[in-house]
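Right after this note come the structures.
Next come two complexes built around chain A: one with chain B, the other with chain C.
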Partner chain A sequence: MRVLAVARNTFREAVRDKVLYVLLLFAAAAIFGSKALGWISIGQDIKIVKDLSLAAVSVFGVLIAIFVGTNLVYKEIDKRTIYTILCRPMHRWEFILGKYLGLAALLALVTAVMVLVAAVYVVVLGGSLDATFFLAGLLIGWQLLLITALAVLLSALTSPILGAIIVFSTYVVGHATTIFTELPPHFDGTATKRVLQAVYYIIPNFSNFDIRAEAANGVPVAPGYILWAMAYGAVYTAVLLIIASLAFQDKDV
Partner chain B sequence: MDAIATRNLTKIYRGHIGRGAVKSLDNLSLAVAPNEVFGFLGRNGAGKTTAIKILCSLLRATEGEAFVMGQDTRRPATRKHIGYLPENPYFYEYLTPRETLDFYGELHGLTRAERAAEWEQLADLLDLRGIAGQRVRGFSKGMRQRLGFAVALVGDPEVLILDEPMSGLDPLGRRMIRELILLFHERGKTIFFSSHVLGDVEQICSRVGILVQGRLTTQGRLDELLNRRVNRVEIIAADLNEAAATVLAARSDGIRESEQGRHFFVKDMEAANALAADVLQSGGTLAEFTPIRESLEEYFVREQETVS
Partner chain C sequence: MIARRLLTGVLAVAIGFACCVAAQRQMDASRKTGFDEELLYLPNEKLLNHFTGGLSSVVADLLWLQCIQYTAEEFKGEHKYVWLNHMIDTITRLDPYFVDVYRYGGVFLAALKADSDASIDLMKRGMIHNPGAWVLPYEMAMVYLLNRRENPGSPAQAAQFLQLAVATGTAPQYVIDLAANIARQHDLDEFERAMWEDMARNSSEKMLRELAQRKLHELAIADVCRQLGKAVQLYEERHHRLPDSLNDLVAGGIIERLPDDPLGGRFFLAGREVLNTTLQEEKLERRINRIRNGVNRYQARTGAWPPSLEAAVEGGDLVFVPPHPYPGRAWRYDPATGEVEGGSAPEL
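Here is the complex of A and B:
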């Protein structure tokens, strides 16, 4: 199957990307370094380690998605490897989907490894783990799938630097989307309010995937919420991939 | 049914800020019959690669249509019939030739068994066995071109589209490409290739098209296009005494000297025969007698000058 061939090759290529290992090294340093902040919060050290190590998984996962993802299609065009691929009897959407799935598989693996390392570290430090910790890891991974889809879309349309800036800005703003709705009263009825409300609905709300606080404190999260957050992410991801495929359909390479 | 046909193919590249639009291809209509070896000629920037990329569906034509084996090239299924070798082909540097062919075979929709059989066949044909396990990263230009040819042949397409297949190759590499083109011509393939190496084109093409500033100015069989009359004759004479050489030089249209002897140029065969007889009569030796016909290169230059 052509999509899987492209995905396998993308995975193989991304695994060889040195950026991946540099970021993984920093992620490991952040996970193990979280104990240092644990020391200054008396009696809360395991909670801090859990919270910070999950935050490290999220941030470094996002950085990998951005650095590798925004290069994904652009590099194929720049290095002209795309010529011998798109002249094959395949649809362009198959190429986009294959590139996405390859990086998504890598990110799933990387997230799983980072969460596992964090879990082992928590246990080594004498802490206990529950399902919420791993569900928090699952939602971080799910969030990365959405960010990767945005990175792939921008990779098909623009340069990696501009793409990285847009994806990172979206990630930051997506964690604070309430700023678009919680406006002072004098904005009522203005066009600015309507525009900001539209932005609120366009930008994905990444805080939906954030259950780190619950994981750190061992508070259970309803399975219904997890499923809802996953469905929310899946819809956004699908829409972004459809837009990427449409944008790439008639692009000159 | 033509193997390749284009109808009024036009490509205009939209201008960026501060630059106007550029028309790279202007109403290109050409037809290549099955099993033809078609040479697509033109100077740098004439639009050859643009036309080839439209045929391979890498670029969208602004106007017009392109067909391969009677099917619109925009349809993915049409591209089953096309084997494309880009100019300076690039492959994934971390793959070996075997992995590369396997990857493209999968994209072409071949089964695992078909891909294995394809490798056996192409590895022998393109001498890839010795480098089967090496990564593409360290490959020379010639090795890349061999691999590129193998990739173009994956799936056994009927039409081979080769963009400057001989560019940058050493004489042995060029000969290999020439021989491959002739081999696949014998096997019934249609070959459409662009080249700057006009000597090679003249040797292997049955028909050529010449593109000047995006427009096809000439399309036809080489023997019809080239003026095959003798344009001039070169006679090389050795062992001539000075007096005889002076007399013969006065009767010729040009002379030069080399280690072989004196080169006399005359306009037609009649004058050449008379001059050759006089060389022998005056005690000289006839080292060479060469009628010179118009070459594709001369035709190409003439065509460019006429249009500009």
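Here is the complex of A and C:
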């Protein structure tokens, strides 16, 4: 109940954030403007619109998660409003979880709206949609839940700017984790290879959530894969939230 | 007063913007680089893939648009197309499902750069990633027919690729008709036999040698079926009726004994035609896979299994329902699970 109260409040507060609307405006511009690139293709305009729309949903969703998420806890501490919350009979983990759920609900709503707008735009342009397009939207939303958990963790530990830089870097590296496993043969059996393999598993693998190429090209994706990706995202998110709760438990506010 | 201030503001903005445009044009003219200079720095596709931050398919789109412009520029200019292969390779590695790049890239390479080897390699790679795309084997057949016309084996190879296009189950009717026409004009059996004989002799892979041996046996069985068909014709001419079974051919003295199938199958009579269970089972497997591909496409598109196989045809996911290879038998389709069954070889 207390968690939900914090979540509701966080949702309301985030909805009032102007950054959200600026980013949504850019996302809409990217989705509607994608048709212009299609004009110079040779019949691939719908594919390009699908690609750019899903990329816009993903990129602007990530930016919203980073800019709003890294500010969540820090802002409460900075404005001292956290004292009025923590002096109530509430555990600190409840506060962290409530903050996370509030932003997660907002991101779920924003992602759903952006995917729906993109879908309608594709249909209006004469394209057809299949289940993979919406599954790609689902996995983008799932990826944002993981990024939000990372942003909330860093919001409890560092300043918003440093947090944003770390989350963004993790997002970029999280799409390139295979470089840690594709080593030349002379690394076989070395400690370096074992360390890099450990790094491969530690860094969140965001490419697991990327089925946008399949969605744009109408290639079906196995339901089993979607379930595994969602399970991976849910477990990783839970782990980050536990770490965030533990870190915030003893934090001197 | 307000109108004057507004006019001054608008004028200032317009003049400022015009100056910016003029300055930009000056800079563009002085820094103008050709496609060659730009493409010189196009990084390795593996590196690009790692550092696009999950935007590899968008980068592929942008590179494809640049590739179209580059091709048009070369077509109007020097006709060298030096960077075409590298660009297309990069795009298809960034987005391996981008069928149009394999298709048009293959056409550009074969028709404009006259590099039909690269075109065929590209489209073969495309077929591995997109086995359901009929356009790729179709364009490959066109490369053999149009760009390698002087090569003696080309028409037969084109016929093979047209058969592959038809086998995807999504090829339009004109491709099916073209495949049938070309197959009639060229002795595909001879071409196929030569191909399998070469593989059986020269392949370093044991599995491929065994496959080639099996295919050679199948061709031999098909020959036996044709010979037995002629024997049935002879029996009908002599007795003015069809034989009840192949044993009648032996009893009637037309053949000495029934031939053996080295792959364990049996020959049987179906009307005037002689069929063989090994070959029919092979056909059954291929046709059932073709139907399953169509059913799966319908399910991926709509989220539900088609209520009937005809619904998959109406939805455009299956061009037609292929006939069951055993006469008098029909496909069993379960709309609740999407499972298609053809049953096993009949007791003869």
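Rule of thumb we're sticking to: the second predicted complex is superposed on the first by the 246 of 253 C-alpha atoms of A that agree within 3 Å, B and C clash if a C-alpha of one lies under 4 Å from a C-alpha of the other, contacts with A are read in each partner's own complex, and residues count from 1 in each chain.
In this section, a residue touches a chain if its C-beta (ideal position, glycine included) is under 8 Å from a C-beta of that chain, and two chains touch if they have at least 3 such contacts.
None of these values were measured; they are calculated from a predicted model.
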Looking at the overlay, does A:Met90 come into contact with chain B only (first), chain C only (second), both, or neither?
-> first
Looking at the overlay, does A:Ile242 come into contact with chain B only (first), chain C only (second), both, or neither?
-> neither
Per-residue contact with chain A, leading partner among chain C and chain B | C
When the two structures are overlaid on chain A, which partner does A:Ile179 contact: first (chain B), second (chain C), both, or neither?
-> second
Examine A:Ser58 and indicate which partner it touches, taking first as chain B and second as chain C; both and neither are also allowed.
-> second
First (chain B), second (chain C), both or neither touched by A:Phe206 | second
Should A:Ile165 be classified as contacting the first partner (chain B), the second (chain C), both, or neither?
-> neither
Should A:Val219 be classified as contacting the first partner (chain B), the second (chain C), both, or neither?
-> second
Just chain B (first), just chain C (second), both, or neither: which does A:Ala112 touch?
-> neither
Chain C residues touching chain A - in the complex, by the definition given at the top | 50-58, 60-62, 64-65, 68-69, 95-100, 104, 130, 296-297, 300-303
So, in the complex, the side of chain B touching chain A is made of residues 53, 56-60, 76-80, 82, 84, 86, 88-92, 94-95, 103-104, 106-109, 148, 151
Mind listing the chain A positions that touch chain C in their complex?
-> 37, 40-44, 47-48, 51-52, 55, 58-59, 128, 130-132, 171-172, 175-176, 178-179, 206-207, 210, 212-214, 216-220
Interface residues, chain A side, partner chain B - complex | 1-2, 5-6, 9, 12-13, 16, 79-91, 250, 252-253
